[in-house]
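For reference, chains read A, B and C in written order, and residue numbers begin at 1 within each chain.
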């Protein structure tokens, strides 16, 4: 079975600290990889390497069975990176922020679909509230709406998620799991860095990062 | 068996990359009017300080008018440069820009255009009032506005490269001044030169054409340099 | 043998180590010869007297200041396009020397200007553009110094120098333009009169000496930078100096 996302012999050092070395993995459609490990062990760095934001010292990233250059146009249209920061503008409303993120993703979701997504994540009533006034969890939920509209193999098959359930309540976390499972069921893949328990079922592998000296 | 198709979204209008950031940043600038007004107020106050320091003698004021207005415009633009990328860098938007299917140089071009609309254009529009204080004639004021409209976008474009390079670096704003100000000298020379030429009764077209040439050259090169700088700073 | 072999720090380090003494000795011999030619053999200038002899330092410094920035721009292209680590390290090694020569050119220019034209500084086209060149060096070094992550600093510095080098001709042209517009300061540093052959020879020998000096010093510095960057590389542990 062909892998949708593959890391081959990835190495990265930060300063004098070797974060990982010779790290290889492959994810076929429908599979997820959960990154675990203590703070500072390199979970975020690995996600950034896969996204192409950080240049690995050695190794290759393959997307859709093709070796991809960091931030090449094929990589950018396949990868959805959901970072530590929410990438929201405090001055915009929740609906505006969602629309902007989707526009940047070149996601063709219509206005109705966006409204649906906001309903799914429970922000419909607050959609015209300035983001500054939203709670941390509600801000994270705008990101969930984006994920909801990006699921499946067709649009953005590769999801790279950094502590996605941070600040979410138990309902929010359950919703997140539900969205990711739908994404996997439709043939997508996901790499998820988290230190929180996650009740993800299906073809899920865990990678315990320990960090080298 | 083939891999899961990696779908290339239809980017039917590549200029829409420019459009996305242009609209977004302009909307942001309008929502935070305060910042917009701050740069303008800074410009007006600093220009008005010069007569206090030098004296009210009309001949001297007219002699220094072009230089004062241009140096102050340069500083005002420079002070607003962090607005280009700083907040996007801090809230994670810059990563999303770099990962967007739209080409990053076009997204950067949109940001530059929005920045110019919210700084360069207002500066150019207030400049005649300040020029009047210094005793410039109508034709000279016209040349000053034309020069500022041609020159301030170059300031924004060169500044964007510096602003992107110092993202997340300690002492960022002073460092940015060190990087950017030497690069600003040609714009200063041709911009102030245009006004002085018209004061001296010489045709200012030569200076203005040189500014226009720099603008065109900047338009085709700086978005790529700024995009490279953004990628470097995200690494 | 391929030239690219030496683009790896591990093979460049020993090569640079072997070359440094040669360039150093050459720089010393050429400087002695050049200064002898300049200070003792070259005739006194009939207009400026003995004062003019500062050109044997001044002119080569000005040349080196500009030339080193060009070399850095070339390395910047290599660093950005081919991502060679060594090119960025060479840039970092060259910059302080380039800045020193640019500052020296300005300083000796001022010292020359006072007795000759009665002023230390005039906003003349050459002096002004040399001053801006100094600012470009300062900006580069400040940026390199401020960014902690060396990989990022290398790339950022390379981009800055590349943008700067594209600007240098524009800056130079604009300053000349500005200078012809304001005819106030009419200090000309060009020798109007014919230069004696020995003067020219002295200046060229001194230029070569500066060249050799720059090579020796920057190679020395790049060795230090290599060790600083890769203290844990396996090959570093086998170097005699490190073991001792």
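Everything that follows uses one rule, which is that a contact is a pair of C-beta atoms (placed from the backbone, for glycine too) under 8 Å apart; a residue touches a chain by one contact, two chains touch by 3 or more.
Every value quoted in this text rests on a predicted model; they were computed, and no experiment measured them.
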Fill in the blank from the handout: Computed over C-alpha atoms, the centroid farthest from that of subunit A is that of chain C
Problem - Contact pairs, highest-scoring chain pair - result: A-B
Problem - Core chain by centroid distance, with centroids computed from Cα atoms only - result: B
Fill in the blank from the handout: Whole-angstrom distance, CA centroid of subunit A to CA centroid of subunit B, is 35
Completion exercise
Per the C-alpha means, the centres of subunit A and subunit C lie apart by a whole-Å value of 48
Handout entry: Distance between chain centroids, defined by C-alpha means - subunit B, subunit C (Å)
Key = 32
Fill in the blank from the handout: Residues of subunit C that touch at least two other chains are 149, 151
Handout entry: Touching two or more other chains - residues of subunit B
Key = 235
Practice task
Could you check subunit A for residues that touch two or more other chains and list them?
Solution key: 55
Handout entry: Contact footprint of subunit C on subunit A as seen in their complex
Key = 14-16, 55
Problem - Complex contacts: residues of subunit A adjacent to subunit B - result: 1-4, 29, 51-55, 63-66, 71, 73-74, 76-81, 83-89, 91-92, 100-101, 103-108, 153-155, 157, 187
Practice task
Enumerate the contact residues on subunit C facing subunit B in the complex.
Solution key: 80, 132, 135-136, 138-139, 142-143, 146-147, 149, 151-152, 155-156, 159-160, 162-164, 166-167, 170-171, 173-175, 177-178, 181
Exercise for the section: Enumerate the contact residues on subunit B facing subunit C in the complex. Expected result: 158, 161, 165-166, 169-172, 175, 178-179, 181-183, 185-186, 189-190, 193, 196-197, 210, 214, 221, 225, 228-229, 232-233, 235
Handout entry: Residue ranges of subunit C in contact with subunit A within the complex
Key = 149, 151, 231-232
